[in-house]
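Two complexes, one shared chain (chain A), two partners (chain B, chain C).
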Partner chain A sequence: MTYLAKPKLHHPDLPANALGFTRRDYEGAISTLCAGCGHDSISAAIIQACWELAIEPHKVAKLSGIGCSSKTPTYFLEKSHGFNSVHGRMPSVLTGANLANRDLIYLGVSGDGDSASIGLGQFAHVMRRGVNMTYIVENNGVYGLTKGQFSATADRGSKSKRGAVNTDEGIDLAILALQLGATYVGRSFSGDKAQLVPLIKGALTHPGAAFIDVISPCVAFNNHDGSTRSYDYVRSHNEAVNRLDVITVHKEITTEYAPGAVQEVRQHDGSVLRLRKLADDYDSSSRIAAMSYVQGRYAHGEIVTGLLYVEPDATDLHESLGTVARPLNALGEKELCPGSAALEKFNASLR
Partner chain B sequence: MQKKSIKAVNDFVVKFANVNGSGSASANTLFAKSIMRMGVPVSPRNIFPSNIQGLPTWYEVRVSESGWLGRRGGADLMVAMNPQTWEKDVVEVEPGGYLFYDSTKPLPADKFRDDITVIGMPLTEICNATYTDARQRQLFKNIIYVGALAALLEIDIAEVEKLIGEQYKGKEKLLEPNLRALHLGRDWAAANLPCPLGITVRRSDKVGAKIFIEGNNAVALGAVYGGATVCAWYPITPSSSVAEAFMKHCGKFRVDAATGKRNVAIVQAEDELASIGMVIGAAWNGARAFTCTSGPGVSLMTEFIGLAYFAEIPAVIVNVQRAGPSTGMPTRTQQADILSCAYASHGDTKHVLLFPEDAREAFAFTADALDLADRLQTPVFVMTDLDIGMNERLCEPLEWDDSRTYDRGKVLSHEDLEAGKRFGRYLDVDDDGITYRTYPGTHPKRGSFFTRGTSRDRYARYTEEGSAYVDNMQRLLRKFETAKLYVPEPVLKESPRTAHYGVVYYGSTACAMDEALAELEAEGIAMDAIRVRAFPFQDPVIDFVNAHDHVFVVEQNRDGQLRTLLVNEGAIDPARASSIVHYDGTPITARFIRRAIEERLSAFNVRPMRRTAAAGE
Partner chain C sequence: MEKRLKPTDIGAPGYFHKVVDCQWACPAHTPVPEYIRLIAQGRHADAYMVNWKSNVFPGILGRTCDRPCEPACRRGRVEENQGEKPEPVAICRLKRVAADYKGDIRERLPKAATAKNGKRVACIGGGPASLTVARDLAPLGYAVTVFEADSRAGGMIRTQIPRFRLPESVIDEEVGYILDLDVDFRPNHRVESLKELLGHGYDAVFVGSGAPRGRDLAIPGREEASKAIHVGIEWLASVSFGHVTKVGKRVIVLGGGNTAMDCCRSARRLGGEDVKVIVRSGYEEMKASPWEKEDAVHEGIPIINYRVPKAFTHEGGRLTGMSFEVVKAVYDESGRRSLVPTGEPDEHYPCDEVLVAVGQENAFPWIERDIGLEFDKWGMPVLDESTLQSTLPGVFFGGDAALGPKNIIWAVAHGHEAAISIDRHCRGEEVAVRPPPHMNLVSQKMGIHEWIYDNQVVPDARHRVPLKELTIALKDIRQEVELGFDPELAWKEAQRCLNCDVQTVFTAKLCIECDACVDICPMDCITFTEDGEEAEVRARLSAPARNPSQDLYVGAGLKTGRIMAKDEDVCLHCGMCAERCPTGAWDMQKSFIEMTHAGPGCRDAAARKAA
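The block that comes next holds the complex of A and B.
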């Protein structure tokens, strides 16, 4: 159910995935964001990742807050239920949704204002709880819909389009996610689809709290000289530490790599995250090393991208709470209501 | 001068003045329950500070053969165990009443009153002589005074012993010393004090099958019976014990026998914004979910409540009201969130409110609220208060009909969608304002839609068209009308004689009102009464107001909030209804209501018709 109709004519040779779906089956309405917006590239990467993983679109629940980034769930996966919630509060809505039905895939899309400014509290707590989700922040360092104010991820000293200098320290959500216990943390750039698509695939298959900070330039308000979120700036300061391939359970592993250059991480569901190291001294299996490396490079003006950290034995909130395997929303009177005999016993205990 | 002492059997008030954290609570409960076990109705109330240790706390026990459960006011026997509040406590004793105190340290004569009976017992001295451990001296002092009171009031010591036995079942090591302390107190009192006093307890049969339960506990069990599977909450007095009781009940009733896993998810959220967010997320996804909070929590939730109203997502919010505004008096009771809940959030909103009168209704209404929220696809508030929530009260046993099924409302299943049933998320096909929804993940091709707080058309498509917006807002009003068919009906109590005046009341005021009405009737003042149990108001409520020359709306807040709501929503002439309000944080009393009504009526120059006996004078 979308606002703007898109022609449904498919090219007959469009490749289909294991479910017989083409990429078009994962699309949504036509974007109403500005031409050249980084967010649209991220939507495209989400579509590609879901298609490649052969996820059933209706088995995804997409949730967002408020802002340009939070509008994007309309622009992909139109067969999924979507929820455009309250500014900065997507994490709690996603948490509740996840508790109700553990069988769906939860994709949270947010922005830097939504997650780092108004929603920093909820961001922190959803990571702490280890909610099984993919949480993507489309990070442009600026408020788009309200026209160009700094957000809390804007670097100190960076300049707004109007020439104002940001005097507040920027928040690095990836570092926060690492500190707060997220079990899959990545950073990427909307302009680097080759890096971003596998990162999203890895996050979607990860059985815990997966967070990806995606630098996504705002062409309208934050793509000028003096900005540290412009296409030019990010391209020239992007230091990718690894390249990721996600091999799902069904696929055979065929590619050969030289020993030592590749790290393989086998996840609960059998999928394998294969990491090719680009930086020799980077270790994505250590939370502390990752934080230290990312912050060290940031001090030199570099933006570290790639899969920053992954915990192969991740667990999630359902495991912490010990909930049943069946989705809670599928339980009925039989499982939930103790009945009148138990109530009479209870009454008797209160006399 | 001969002192006149109060003489009463099964009709008096005992008030305990203690220090918070001194272990008095369990001893005082023991006292109240042993009277209940003798078949005599009691209604205890905790009056406690926002503090863990050191500040004054009181426990007031009303003993009433007639079964009046409201707070009476005053104290016939003061058990003054707190030197900090001595002066105030002594003043509160009714003329002719009794003062029981620890006489270890002599007090000057001017610390007492000469119109009351003073009973000194050297509790500290007795404890110091009996126990060496400081903690034991403190804890057993409480049990010793219970023993002494049993002798003074003729409480059957066997009932107290039985209760102690139940309390320490499996902890026999503690049982024996407690019984010893109890007997020590009883024996000392019997030997040294003027037993019995003028006020005594006599075995009766007025308790029957009634149970003794805190409202918060009942709410929690209502949520279990009503099928809540997600509870998200944030600690706040006086609602925290709802969530704690829910956890306890779930530990018993929601463990899957085969796997040991839980049929429930309970999350202590980081704040009330997150707790209501989780409830909304869970309910959107087809689970029954609730949160429990108090006024400040509702204030924080209001943005989300507006979303749930506009996007039409079920949510159950239990508001255990306390005295506001701001932090107010967090451990005192009020009914002061009526307006803030009825109209919570920005823009035009109206929410369903339920007003249980006691724990029994709190249980039933919580379970009902989960049905109502699903049926109406909107937030539903269960409006209790501290008086109901945090005091054990006698009430009729809780009931459940095993043939009852959960009303999940209008939800299209995979089969419905497969069969080609037309789906527009906001399409009013049944003309009752309630539209069909689908749960996420139901069908691969049909039934997906986008939920949003922004305006949309009948097919959930984003739109800023004024006509589509108005269409939707009008439908929400129709839905609110439909709600009247589902919410609990008001309870009407008509005077046996023609009454020109009426009272409107709700919630925890009920127990005091029952008594006040009986007293007024006895005085020859005919008064009809209606207990409002829900908002939106059904016709009988509005008709009641219009059928009387004047009505008094009795409530526990400063501004007469329910009256405002009645005038606003019922198109009532404001002159027909005036407020009688009680809002000092203590529960309203029958005395207060009766006097207020008498004063108002005398101002109207009404001469009550006397009953036959009086008329013959």
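The block that comes next holds the complex of A and C.
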């Protein structure tokens, strides 16, 4: 099998962003995933979000573990830094990288196997430490690489392609992230870029632990009747609670909405998240209300999507640890080796 | 009720044809991508036959065609705003490659009819239109007689196109293929009276006599200096037949069309050292094809624009030069141009000879006005534009004689249409009923990631045709300037063709709306969106569809109730959508579209059954 490269020619009117890049400049190699994979749509959404935010590609580090989802960083942002880590261990690599160089934007890409099975422990700790990152789980409820066994996020009672019924309880990673202290939690669907792209933009600008659970149908093994991760099922059970607009610092806010219909969240860096409410009774500023709402609707078979929770005054691991403000690679010998007098002083403080 | 977009009917004969921009623009509708693929495969003879069937003179047209296909070529549009200058595929010069490297194809040509059908057709004029009629009808059993005023067949192809653009051997070969079909060719026979000819009982008469009269310029001095002033096309014919072999050192060519370009380049080869073209209009608005202007400039011929000829200056019957008024273009509110004097003093250009190439007019002094054949107020025959039938039912027109001066490829297209009309007329069938083109649609999928056609889009800019060195080319008027692509360069240029005839075919009921095609499409052609009114939908596609001359391919019947809207405008036909489609809702299917020519296919169903 040979894969043809995507032609380099682009639409004559393709716009450029503030950096002079077109969307195509944020692409990567052509995907080798199965045709129709939801993950490819998520890659396209990441490309779109980074282009719209005019992020310099070399300021991004994309990290992943193992699995179909973890292959995808090859397919976007080819000019960015990348690290394909051990299965389920992406969070600790990301944490280490972030501590070493806090100036990069950290984008962790994982799957339901990588994050909810082998890497569940790592997932929990990266969330509770509040590492400044965007953590995306491409959640298809199935082990695609090993031909379609249920994953840990598959809903109890859903059916496999061959008809087996899942008897184990499914893990809801968004609920876990909420419980574990993530300060930006969203859920979306690979087939709804109008919702997904702003959510990713919001996460990328969020100055804390941002988590997005993206339901991403596996066309090869989990897109049949009886699946709760198929295109049809997700479309008919998707309950979006809000629509997000991300307004970066430099842009003026021009659109007007009726009072009460919009919730504005101003973040540290000055960017504004505008939430247009779709569900009247939904409050995305309350962690507990969010958990209760999502679980309540789940009991009715609905999948709640949108920006579920955001903490505007988020802090991150660097703040908790009181680390130095500059990346380690930007420190000189003087800062790194302050001399024996400084060591003496430090040791004395511990006695 | 809200306006809705109508789902595209891909079975409609015009839909996919229109997507193949080159073929749609070609008056004879030559299946261009088909023959370009054959050239790329080294199948030059096959490529030649595809051409020969549809445009009759591939070797001639491959050097001289007006190439309406090239401005239409999608490649020119998709290269906009990226890379160097956007340019179409060199379609015309690829055609020449097929002709140059085809080898001997005589075995593959139709044979002269062994049994005649008893019908007699007279063609007046031996140019491309008449020869096309002869080629289409003679193999069917018609007895075709071609009357030509000159000694050899070819018409303007032979008399007006200089040899440095078209060697005589090419004309002899391709004209010969037709005359060999047992066509009764009558050289040196000028038809002086249509009434007389009709008296010979022909079943049909085709008038393909061209636009033989060059327009003259009646300004002061024309009479006095007439020895050194020539009407362009007549001068070209004299050069072609060897009656004129030299020209004065300083030559002015008047006019901005292709004839003017041929005149100036010919003069340059017959001893003209200071040859200039002087034209009324601006350089951009000149009627000559851009490449013909470039060729003239390349040969050191200046083109001086915005000069209106006022007088020929002369001394004792000898031409001394010409004076011109300097004008500028002024556009009124409706965008209509007028040339207004700038007020600068008139300019005088000394010269020894002037070639007047300011247009051509038709003339039918040999058609009697009392035989039932009507003419309009401009002296042109009244015709049905699709059947080319005149008001005298058995008389048909084509080429420049029909609708005014055009070019060879239009003459061929007219010839095909007139042949259909004549075939139906001679069988007593309604001439106005026209046969639809033939189309078939075949999937190009062989397996996963395997397609029958080569769908890799190359980034190459247009390849230049190698030219003979200028000093050698200017020495001899019979020396062909263009060397043509060699097979290797032809292969490279052929790779630039986007295969627009390999169509993206969408089946809505198979689509699961996964967005894979939307994400992969390099040109952002595909959008799944809410239905609406066309102009409004066009504006909100992923990439707004701003070229209304290109259709939107609309698929309806999706589960979400949305529509699939694909802008055909800049589609690369790369097949990425079909490649990434998990359900086969997108497929790449080759649409082979072929015009129906005279013969059983153009006749009524009942007649076909009987035959």
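Note that the second predicted complex is superposed on the first by the 324 of 351 C-alpha atoms of A that agree within 3 Å, B and C clash if a C-alpha of one lies under 4 Å from a C-alpha of the other, contacts with A are read in each partner's own complex, and residues count from 1 in each chain.
We take it that a contact is a pair of C-beta atoms (placed from the backbone, for glycine too) under 8 Å apart; a residue touches a chain by one contact, two chains touch by 3 or more.
Computed from a predicted model, the values in this text were never measured in an experiment.
Novice: Given the superposition on chain A, which partner contacts more residues in chain A: chain B or chain C?
Specialist: Per-residue touch count on chain A favours B.
Novice: Considering only touches as defined above, state whether A:166 meets chain B (first), chain C (second), both or neither.
Specialist: The answer is neither, since A:166 touches no partner chain.
Novice: After superposition on the shared chain, which partner residues are touched by A:217: those of chain B (first), chain C (second), both, or neither?
Specialist: A:217 sits against chain C, while chain B stays out of touch.
Novice: Identify the partner contact of A:122: answer first if only chain B is touched, second if only chain C is, both if each is, neither if none is.
Specialist: first
Novice: Who does A:333 touch here: chain B (first), chain C (second), both, or neither?
Specialist: first
Novice: I'd like to know which partner A:43 touches here: chain B for first, chain C for second, both or neither.
Specialist: Only chain C is touched by A:43; chain B is not.
Novice: Chain A residues touched by both chain B and chain C?
Specialist: The overlap between the chain B and chain C interfaces on chain A comprises residues 1-3.
Novice: Can you name the residues of chain C that touch chain A in the complex?
Specialist: Residues 77-82, 448-449, 455-457, 459, 512-516, 518-520, 522-525, 543-544, 546, 559-560, 570, 572, 574, 576, 579-583.
Novice: Once bound in the complex, which stretches of chain A touch chain C?
Specialist: 1-14, 24, 30-31, 34-38, 40-41, 43-44, 190-191, 193, 217, 219-220, 223, 231-232, 235
Novice: Which stretch or stretches of chain B touch chain A in the complex?
Specialist: Listed in rising order, the residues of chain B that touch chain A are 207, 209-213, 221, 224-225, 227, 229-230, 232, 253-254, 256, 259-267, 269-271, 273-287, 289, 303-304, 307, 397-402, 404-406, 425, 438-445, 448-454, 459-463.
Novice: Going by the contact rule at the top, pick out the chain A residues touching chain B in the complex.
Specialist: Within the complex, chain A touches chain B at residues 1-3, 56-59, 61, 63, 73-74, 78-86, 89, 91-101, 103-104, 121-122, 124-125, 129, 317-318, 321-325, 328-329, 331-333, 335-340, 342-344, 346-347, 350-351.
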